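For clarity, chains are labelled A, B and C in written order, and residue numbers in each chain start from 1.
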């Protein structure tokens, strides 16, 4: 268990999240059950008012959740200084079984909440409110995910044992280890280069073709490809060390916090791309989203390439 | 795409804040004071932490402590020589040191015993002994201690009181410059034999054994080896100490945080109350806005902007106040809570050490929480019925 | 243009303000709603503006079933199509003249030059150019009413709803107000005035006078 001011802060914010998300949940249940656009009853009038409350709560939660996610990662890196053996957030994550699902859930929830906000925006621009039930029903599911996330977060911090020695990222992401990670590191550089740039080239193509499903699907794949190739291959050019594979050290000051930039770009790009597959926007909005997606991903790819090619230009060798 | 921030709405919000001057000044002052209070404690405890870290850097890699009935006890000096034979051990030293309570001045002095010709495990002592020499019955004192002694008219010599009540007179030989680290400020150095005399140790006794290792990566394995050799003794590595201090200060600031949270929640009950209580004029204003075409969302945004402006400016002011209080004014009052009320430390100046996470943490505890706390009152305002303006 | 179909309005507490009222207004028409206090004139205007919902019946404005829209959309419709003038001016007295005039445009987040254009137009029309930075509470009654008209016009509405616009004005100012109504009529706006001020009852540009009594059209 860890009691530090940072962790206490996380608990407090989480408690507030639970409180407000639950208020929104209760209202959503009533809206899903009773909302009727055509009714002129007092109940309908009340639900209509309450729907604003839910939307505002969800929006606020999301806008707090995003920077709070970054804070969380930052704190993981910090706790690593207290944990014997850990050098970065990876050691902390590895020390608790709740941590890996927690990270994935946090990521997933960020996408889902952002999607909800867009859905709400779209719904509020059409007079018949075609998505009203859908959006509140979806929130019921998202609420469960959010609560799971917070539960995992609590149990992670409660279970971290500050006296036992944990592995550092060098061990967790090592070449020689027999783990499934090590198998990825063994793959040739050409594999990652083709996969990463190939995926991006397909994205560009599908943008020209303007097929929203293909574009969204390629974006979804790109999330995985980008993360995998970053850990397995491109990361070593940022660290300038052939054996350093770690998604967390990127976030430390030694590397100018470049990780925050990279992950933000990747999120913004892929979110705008994936969401058009989930929801049918008006033609203009869809075009706009595709464009945003492409711009952010282009920035991501350029930043990665800058490190990758930059290393070669400086040292005239590949790692 | 429309601009993300509506500046006209923002300026409406600012105007609206100004129109309820007294209420908002009150809220602003409370937020900044709470943030300032918490920020000061964090700045101070961060400063302490970094002092400890520089201190711990001068510590030996491993310390071996004897225990009797679970309590720290003296150790045989000869163990140091045995440990020197272990692979990977660079140096080992039987240390004689401890704190001495100087009654008249109500101050703790730290006595460090040295050997003239064998190197110590402390770089601080090694540096010192290159510059100064010591003989039996002589002490080397830091300038801080020198001043203290002067105040009590010990100019040439100082009388230590031994455990049997007799006096041991020591010549004040030389003065060394205060170390930058404040934990080293009240140090005085003498030969180990003299120190043994004062602490009432036998000739073969020492306080503990310090061990330096050649390769830092081997600290853990060597510590384990030593533990196996002396299972009844306590083996402490440098890293253990670091973690321990870190937790100690986290705990101290956690305590403050708890107080802070309680006051903050009380505060939110107050704002909730303040914001929900709407006078007729305010209700009318909202009615007008809605009648002329402001949607619920627009009114809500205006209110959320108000909350954001208020809490953000309160946060920034609080941080600036804390900077001034801790780093410029040297944290009067609060310092006493974090430091022992030791006279020698009175003139300790706090070194600037700001951690980003502290600023981020304070941000999360003030701005988003305030905004979230205002959601429900704002929503109540925004969904007031508009047809009231027709009456 | 505007149609009330069998509209009833019952307030909380069981007050029946309107009882199965049917009314029609055509585009460009100027109609005066007259009737005693409490007869339901203001309620009719509120319903047309979408400020409240009927308990029964339907209100259609410019082809939109405004009584069936959620508040959000009713408000959007109002801000694009309807300008409101109230008995008590209903200005925000701590704000300046220009701030009040621009208030309906704030949520639209328009470009700066567009705002300037509309502001200057309304200031000139209402003859308030020299007063634009003065707080509304320091204005005279007539100036306040002109400011209220300017605000109602700032979003270029097709429909103007005025509720007892001359109740707080003396005769000279009331005539001034009527003159500005006449000007709006020339711009082909639909204007509905709820009033019991006899000044309105024999004006040549008024197309129709509808009498409301105890929730019914007489």
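Rule of thumb we're sticking to: a contact is a pair of C-beta atoms (placed from the backbone, for glycine too) under 8 Å apart; a residue touches a chain by one contact, two chains touch by 3 or more.
This is a predicted model, so every value here is computed, not measured.
The touch graph of the protein chains shown is complete. Using the average of C-alpha coordinates as each chain's centre, C ends up farthest from subunit A.
The central chain here, found by comparing per-chain C-alpha centres with the mean of all protein C-alpha atoms, is A. Computed centre separation for the pair subunit B/subunit C is 65 angstrom, with centres defined by C-alpha atoms. Averaged Cα coordinates give subunit A a centre that lies 34 Å from the centre of subunit B. Centroids built from CA atoms put subunit C at 50 Å from subunit A.
In subunit C, 71-72 are the positions where the chain touches two or more neighbouring chains simultaneously. Residues of subunit B in contact with two or more other chains: 296-297. Residues of subunit A in contact with two or more other chains: 49, 124. Contact residues of subunit A toward subunit C in the complex are 37-38, 40, 45, 48-49, 124, 127, 129. On the side of subunit B, the complex with subunit A involves touching residues 1, 42, 220, 239, 243, 246-247, 250-251, 253-254, 257-258, 261, 296-297, 300, 304, 356-358, 360-361, 364-365, 368-369, 371-372, 375-376, 378-379, 382-383. The touching residues of subunit C, counted against subunit B in their complex, run 42-43, 45-46, 49, 51-52, 71-72, 75-76, 78-80, 84, 86, 90-92, 94-95, 99, 102-107, 109, 115, 151-152, 155, 163.
The touching residues of subunit C, counted against subunit A in their complex, run 53-55, 67-73.
Residues 2-3, 6, 8-9, 12, 15, 19, 284-285, 287-298, 385-387, 389-391 of subunit B are the ones touching subunit C in the complex.
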